[in-house]
Each structure stands twice: as structure tokens, then as C-alpha cells.
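Working notes, structure below.
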Amino acid sequence: MIKVIISGFNGSMGQKAVKMVNDSEDMQLVAGFNPVVTDLDPKAYGLAENVKIFNKLTDINLAADIWIDFSIPTAVFNNTKFAIEQGIRPVIGTSGMSENQTTELKKLADAEQLGGIIASNFGLSAVLMMKFAQVAAKYFAESEIIEKHHEDKIDAPSGTALNTARLIYEARGENQAQPSSEDPMHTRGGDYHGTKIHALRLPGFVADEEVIFGGIGETLTISQSTSDRQSFMTGVKLAVHEVMKQNQLVIGLEQII
Amino acid sequence: MIKVIISGFNGSMGQKAVKMVNDSEDMQLVAGFNPVVTDLDPKAYGLAENVKIFNKLTDINLAADIWIDFSIPTAVFNNTKFAIEQGIRPVIGTSGMSENQTTELKKLADAEQLGGIIASNFGLSAVLMMKFAQVAAKYFAESEIIEKHHEDKIDAPSGTALNTARLIYEARGENQAQPSSEDPMHTRGGDYHGTKIHALRLPGFVADEEVIFGGIGETLTISQSTSDRQSFMTGVKLAVHEVMKQNQLVIGLEQII
Amino acid sequence: MIKVIISGFNGSMGQKAVKMVNDSEDMQLVAGFNPVVTDLDPKAYGLAENVKIFNKLTDINLAADIWIDFSIPTAVFNNTKFAIEQGIRPVIGTSGMSENQTTELKKLADAEQLGGIIASNFGLSAVLMMKFAQVAAKYFAESEIIEKHHEDKIDAPSGTALNTARLIYEARGENQAQPSSEDPMHTRGGDYHGTKIHALRLPGFVADEEVIFGGIGETLTISQSTSDRQSFMTGVKLAVHEVMKQNQLVIGLEQII
Amino acid sequence: MIKVIISGFNGSMGQKAVKMVNDSEDMQLVAGFNPVVTDLDPKAYGLAENVKIFNKLTDINLAADIWIDFSIPTAVFNNTKFAIEQGIRPVIGTSGMSENQTTELKKLADAEQLGGIIASNFGLSAVLMMKFAQVAAKYFAESEIIEKHHEDKIDAPSGTALNTARLIYEARGENQAQPSSEDPMHTRGGDYHGTKIHALRLPGFVADEEVIFGGIGETLTISQSTSDRQSFMTGVKLAVHEVMKQNQLVIGLEQII
């Protein structure tokens, strides 16, 4: 049994992680951590009696294999550092760490030969889409990206769309050529080294992403659609299993699939 | 048999019109007209012997029911006027006439109770898409448009995309509300009274158009795809048959479907 | 204020109806009904204090404008009959009534000049899709339908797909011609008077439906996607408002849009 | 300059190959071969004066680097064998060879350390789609395939759809589980080891293919669309360049991308 501690266990993503662990035959939730909770009774959160609830890092004194973190940007660095020092493999989905912080944590874990992962996106379909786009970019000189999100998303484009454009650019090693066209209404989208990005914001969408490659007489489209954010937990589960076999910390789910 | 004259018979669209007429059991091509041709032998254009070729309007002296016009912007007004004066019903696909010219031709034809049509788009799927979008706009307050064309199209957005946005706006009678969002790369598309338009230009596409309506928990998408411009002739054929029954000139294929 | 009673108020769809009514500025929830509840305290269901809870039809003695019903097949006929007799306009989303029952209820309501609606599908995008498909069927002789649902749906095809095929057939008045083709694996889908229906069952989908019309060189596609069944309440809300203006009972949301 | 001979130079695909070679800056068409032509004047085929036309294999006596073959099933084996014996690298798009024949040709070429390729599909988007599907199959346990072709295609499913299903099955190493469902109309498609295949036949499509992978709350779709079969030549061109660097004969475009 893989023993798991979940940091941010009662937040939106944390609850999904709890469900994933409980639904997995080879994992056991041993503790939940959140500095802002006051009630330490697991039943208050619908958890089994033998799950410990902590609100202070330094109180955590039990053996565990995996530290899943869906907490907040200001806490994640200290949480992860603590986990590594305790020999608990980190699986970190909380965003907001600087590159310096990430590098420091990787050094720390690698020195201990401790497996771990820090990933901004645990969506398997999104990560595979990006991987495939990198390959297709070598064979198709022209591509555009469309992303569709719910109307409450306040920024555009999405991180996934921008990452995809960046990976395409890196795979090609040069800007995509763009023919000049008359476009008084600015309908041609945002430009990332020649790859155009189009963002839609409409109710009815959760999070969809599409990369289209065009060649003479043919197009190749890789698209992913999210209907429920529980989907992220498929990637977290995959990461947990992989991290148990690794002896270093990796950055990005794409490193292990 | 419906007797047809085709103006611009040897141009790109004219040839498609010739094919459509020849493939139709109830139509007969009686003449082709183009002021720039010098060879008046129908065989030089792969046409049957009994098809007359003219290069001067005033030479055209034979009875016909329909005048199909795929010529050039500077010629279409005079061509259409001539057809109406001869009692030949005009089916006009050539663009470039002013509103004044169109109005004058309509008056002329209506006075004679002569059926006819002037249309910028004979694509049946595009025209139906626009009709449906008008209806959907009454039930969904939010919509966006994506159009995809080959990389050689030099302007954006397409006329069809812009027309669709206009029809949506008219059906609603008010601007679509747009939540403010951070969009430093300008990925949110062109704005037409709140409906966003996104234009893609990639090899592999001929002409695709998509209108997406979003509501709570659902989306409705109406899309059309063109793989071959011969598709326009389905609309021209429909128009020919309809115009034979009409006693006035109409503007736009949507008026008769 | 439109006063609303919700039958089946604490079921899955009933709760969505409660949310819709509470979110609407011109509606007020006056009562919830369910014969199986024993606790009549509205707070037990998160409802406002002034909402009455009933578990016997004959106890319902308060004035109301609308009876929304998301109960069960064996109860819906009696519920609806009771509502009509009380002069409360029925908006019925519960399935399972026979044609005879529906006809009897319509006679009853029409005699009282009472507005009402019985609909198997309150999904606005699905109903519009079907309406548009009926129109397109007149102009395109060939069409196929694809529907995609979650893997737990135990029957295929979906009711919406089959209804769409039926409406297409009725609009054409004749079978769609099918070229014979070799198909040893039976990949060409189910056949409804020549329109092929293809059903997919995969996790990740909630309920998607797509009708594709094909002509020379072009296709027209009308598709709808459901990401959250709260979408049904857009149609219920529309129906409530429309039913307040009607003086007869109609069958099907398509009758009022 | 890469010197190219095209076998079947005046057939439908052969002409596309001629166009591709003429459009390539680093290739030169030196000869066309077809046993059924009688006119050996290159101008009769719109070719440059210095292109030789042959109608007998044994007459071909000029130096060349590449033998592109789009001929007929009964001729391709002998053509390819001849090319290898002359030290001309074969790029074979003609289908119809047995596995034995293919193996024999590979042995022959490998013994000479001669690069070459035999491929049933030079469509780059289709081949990449299949490659990506193989990878995705490892992470998603459930998938279905939809293919859409013009109404004149007489067999179903397409070779590409079936190949994709086979690659998915091989990647998984086990059958895909299928929940039992009621399906009286047979709408659930053809079955290949649990992966369902759905074939559509409608005018307006050339050749489209789509693989959908479904997981909890998400879907991943890889699709390719062909609007013009000139697209095959992108793959042929890529193969020509790659084959110049290889010292063995490979089977399938996927081996070199």
C-alpha cells in the first residue's frame, strides 16, 4: 500500500485527490494537512477515523510514501521542502513557485535520490496533446491554436495554449512564416513566434484546447476537452505510481509519459 | 427544358456552371458569353456544337429563360440589365455591384414581373448556417465565430463570418455583453457588437465556418465546410428552379430557402 | 412574481429546478412536493422558511402559477392532472407517460384554457438542433447522425438521435438512398429510413449529438454538447415564461421556440 | 540534384508526383515510365523536353537516384525489383504486393545497402495520427474511431481506420472492455478487439479520420482531414529525402518519421 498525505486536503482539488486515493486499491490516505483548519477530527471532513488531520507541518510525525500538494502559492515551497526532508516523495500540483525554488527543491530531492514531480498541469489529455504537437511541428510548418473556456476565466490565452505554442516554436527552432493579410478587425488571433492563438470565452465550456496543423491538401488536429476537473486526478494517480519508481524529482508530467 | 445562357462561361466559376447545366436533366445550355473571347467555335471550349458563343451583348438574339452570370464586377450591371430587358431571368453570382445598382435592377425586373436573384453566396450550407444562427441568437445570449480558410486568402475575416455576426446582432437587437478579461496578446478575436470573430489561415482548408452558441452547461454549434467550390452550383441550380416560379428579383439566396 | 411548486423538488433534476427558480428574479418557490419525504421542514432541504413542503397531493392548498414536475413515471400523470384541476400550469419534464395519458391531459388543460407543456427534452441546444435538422433535410438529400455519451448509458441510440432521424425522414417524406457498400464489420451504423446513426460510449462525454448533411463539395453540421445537465433548466425557465402566456397545453419544447 | 524516375507518371497519382518533383528545388524529373503509353514525346504529357519517356523497363538506361512508383498491383513488384537492381532507390506508393514480395524486395535492397520505402499510405497527417494513437492508447483504456469518406467509397471501414484500431490494440496488448448495452439498431459500430469503428459515407467529404480517447472527465481526439489528395506528395517528398540517407528498405512511412 502506498501511504499518502494530502496537503490542502479539503480544498477543491484536494477533495478530488482524496477521492482518487480512496478509489485506488493500492493507496491509503494516512493524513490531511491544512494550516487553516481548526477541527482535527477526520469525520468532520467525511474521512475515515484512522486518517490524521494536521494544521502544523512540524506536528506531522507519521511515515508516508507520497505527499500530494494542492495548497496555495505561498505555502507550497515550504511544504515540499518539508516533505523531501522527511523522505516523503512530493507530487506537487500547486502552482506559483519560482524557477529558483523549483531548482532548489530538485537539488534537495536528487541528493536524497528521492522520486518526485512538480507539474503545472496534471491533465493527461492536455499533456499528451502538447507532446504530440511537438512531434507534428517538425513535419508541418504551419499551425494555429484554439482554446475554449468558460466565460469566468479572466485571462487569455490559457497557460496550456501558450505552452503548446512555445513547444511548437522550440521544436521548429524558427518562427512560423505569416503571409501579410488585411485584418482591420484583428481577427487573426494572438501571435507567438508566428503561431496564432485564438481564445474563446463562452458558457458551456469547461476547458478545451485544439492545435491544428495545415499542409497541402490536409490538416492534422489534436484536441482535448475537459468536462470535469476530476480528470486531473488520472494524471496525479499516474504520477504517484511513477514517482515511487523514480530516484529524482522531475518537472512536468510530460517527463514521465 | 430551361434554356440557359452563361456569362463568363469559360472562367473558373463559369465552367462549374456549365458542368451543372450539362448535368441537369431539365436544363439546356444555349449560349456562352464573354467579351474577351475571340474564338466563337463552341468546340474550342469543349461545348456541344449547338451552343452559341458570343463576345458582344448586342449580338445575343436567341430565346432563353435564364441568364447565369459569373463575370467581372465592371460588367455585371450591364449584363444583368441587358438580360432583364430581353426577358431573361437573371441568376447573378458576380459580386461588385453597388446598392444603387442592385436597387435599379430590382425595380426593372419587378416592373416586368420577371423572376431573378442576385446573391453574394450561393453556398447552400453557408446560407443555411446563417439562417440557423439568426434563430439560435434569440435563445443564446452569447456566441463566437471561427472561420478557417486557405493561407492565400488575403483578407480577414471572411464575408460569411462577418455577415453571420451581423445577422446575430440584428436578431438580438443589442450588443452581446463581454466580460473584461486580461488579454495582452490579443487572442480574443475581432469584435462585432460583442460577437467575437476568429480567423484562421492554414493550408489544407478551403473554406470552413463555425458559429458557437454557449449557455449554462451546453453549447450549440453550426458549422459548414467546403471541400470543393463546385458546391456553389447546388445553390445556383436551386436558384434557377426557384427563379422560374418567381415574378420578382430577390437579393440573397436566403430569401428563397 | 410567478409562484412555482416543484414536484420531485429534492431529486437530481428537482434540485436543479429549485436552483433555477431561486436564481430567477421573477419566480418564487412556494412549495416542494414529494410523497416519500417525511421531514416537512424546508430547512432540512436548504430551502427558505416560507417554502411549504408537502408529501400528500391533497394537502396542497396554496395558490400557485406553475407546477414543475421532475418526479417518477408512475406518479407524473396523477400529479399533472391534479395541477390542471387546481388551475396550476404544468411544466412537465418527467418521462414515462403513454400517448393516451398525454392526450387526456391536453384535453383537460385545453378545456380550461390553461397553458402547459409536456416535454421529453428541455435541452435548448438539442431542440434547436432538431429544428434546424428538419429544415436542412429539405435541401440536403444525405445525412448521418453521431451521438456520444458517457460509458454508463445503457441504451443506444439516444432518444435525441432517434428523434432527429425521425424528423429528417418526415421532412423529406422518403427514405434516404444508400449506396451498397462492403461492410463486413458493420461499421456503417444503425439505419433509420436511410439515415445512419452512430453511437459512441466513452468516459469523458456527458451527452453530445451531431447531425451532418453532405452535398457536392460541402457539408453542414449541427451539433450540441452538454457539459452539465443544469443546461436543461434554461429550457424549463423558457417554458415557464411561455406557458404563462399560452392558453393550451403543448407537447414538446419545439412547439414554443 | 536528386534525379527521379516516375513509374505510372501519367496516372492520377503519378501526375501529382510529377508536380511535386517539378515544384521541388532539389529534384529533377529525368524519366517517366508506363508500359501502356505509345507516344514517347514528353511534350505530349506536358513535360520538359529533356524528360525521357519509356514504355519498356529494359529500355531504361539512364542514371537516377529515386524510383517513385504509382503504377498498378500487377506491375509494382517487377518495377521495384528492376529499380533495386539498377541501384535506384525505390519509393513505392503502389499497393497490392504480398508480404512475401515485400520481404524479398527488402532483402534485395538491404543486401545492396540501398535506401528505399514501401508504404500503403503517404499521408503525413494520417501516419502521425496513427503514431500518436499508439502512444495515447497506453494512457487511455477506452477509444473509438470515426472515419468519414465520400459516398463513392465502396468498402468500409477505411484501411487507415482499421490500421489505427490494430495499432491501438497492439499498444495495449489486450482487448478494450465493452460494457454491455441495449443496441437493437446496431448503432455501436464495428468492433476490433473492443475499439469501436464508425464509418460515414457522405458527399462533401474526401477522407477524414478521427480517434477519440475517453477518460474520467476528459477526452483526447486526434483527427486528420484530407481536402485534396495532393497531400500524399508531402509524404512522398519527405520519403525521397529520407531514403537518400538510408541504407536499407523500410516498410511504412511511420518507420522514418
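Labels for the chains are A, B, C and D, by order of writing; each one numbers its residues from 1.
Note that contacts are C-beta pairs under 8 Å (C-beta built on N, C-alpha and C of every residue); 3 or more make two chains touch, one makes a residue touch a chain.
Just so we're clear, the structure is a prediction, and the values are computed from it rather than from any experiment.
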Which of A-D and A-C has more C-beta contact pairs: A-D
Remotest chain, chain B as reference, centres from CA atoms: A
Intercentroid distance (Cα basis), chain D paired with chain C, Å: 48
Inter-centroid spacing, chain D versus chain A (mean Cα positions, whole Å): 38
Sites on chain B at which at least two other chains make contact: 204-205, 213, 215-219, 225, 227, 231
Chain D - residues contacting chain C, complex: 142-144, 146, 148, 151-157, 161, 179, 181-183, 185-192, 196-205, 212-219
Chain D partner contacts - residues on chain B that touch it in the complex: 204-206, 225, 227, 231
Complex interface listing, chain D residues touching chain A: 123-125, 128-129, 131-132, 135-136, 139-140, 213, 215-231, 233-234, 238, 257
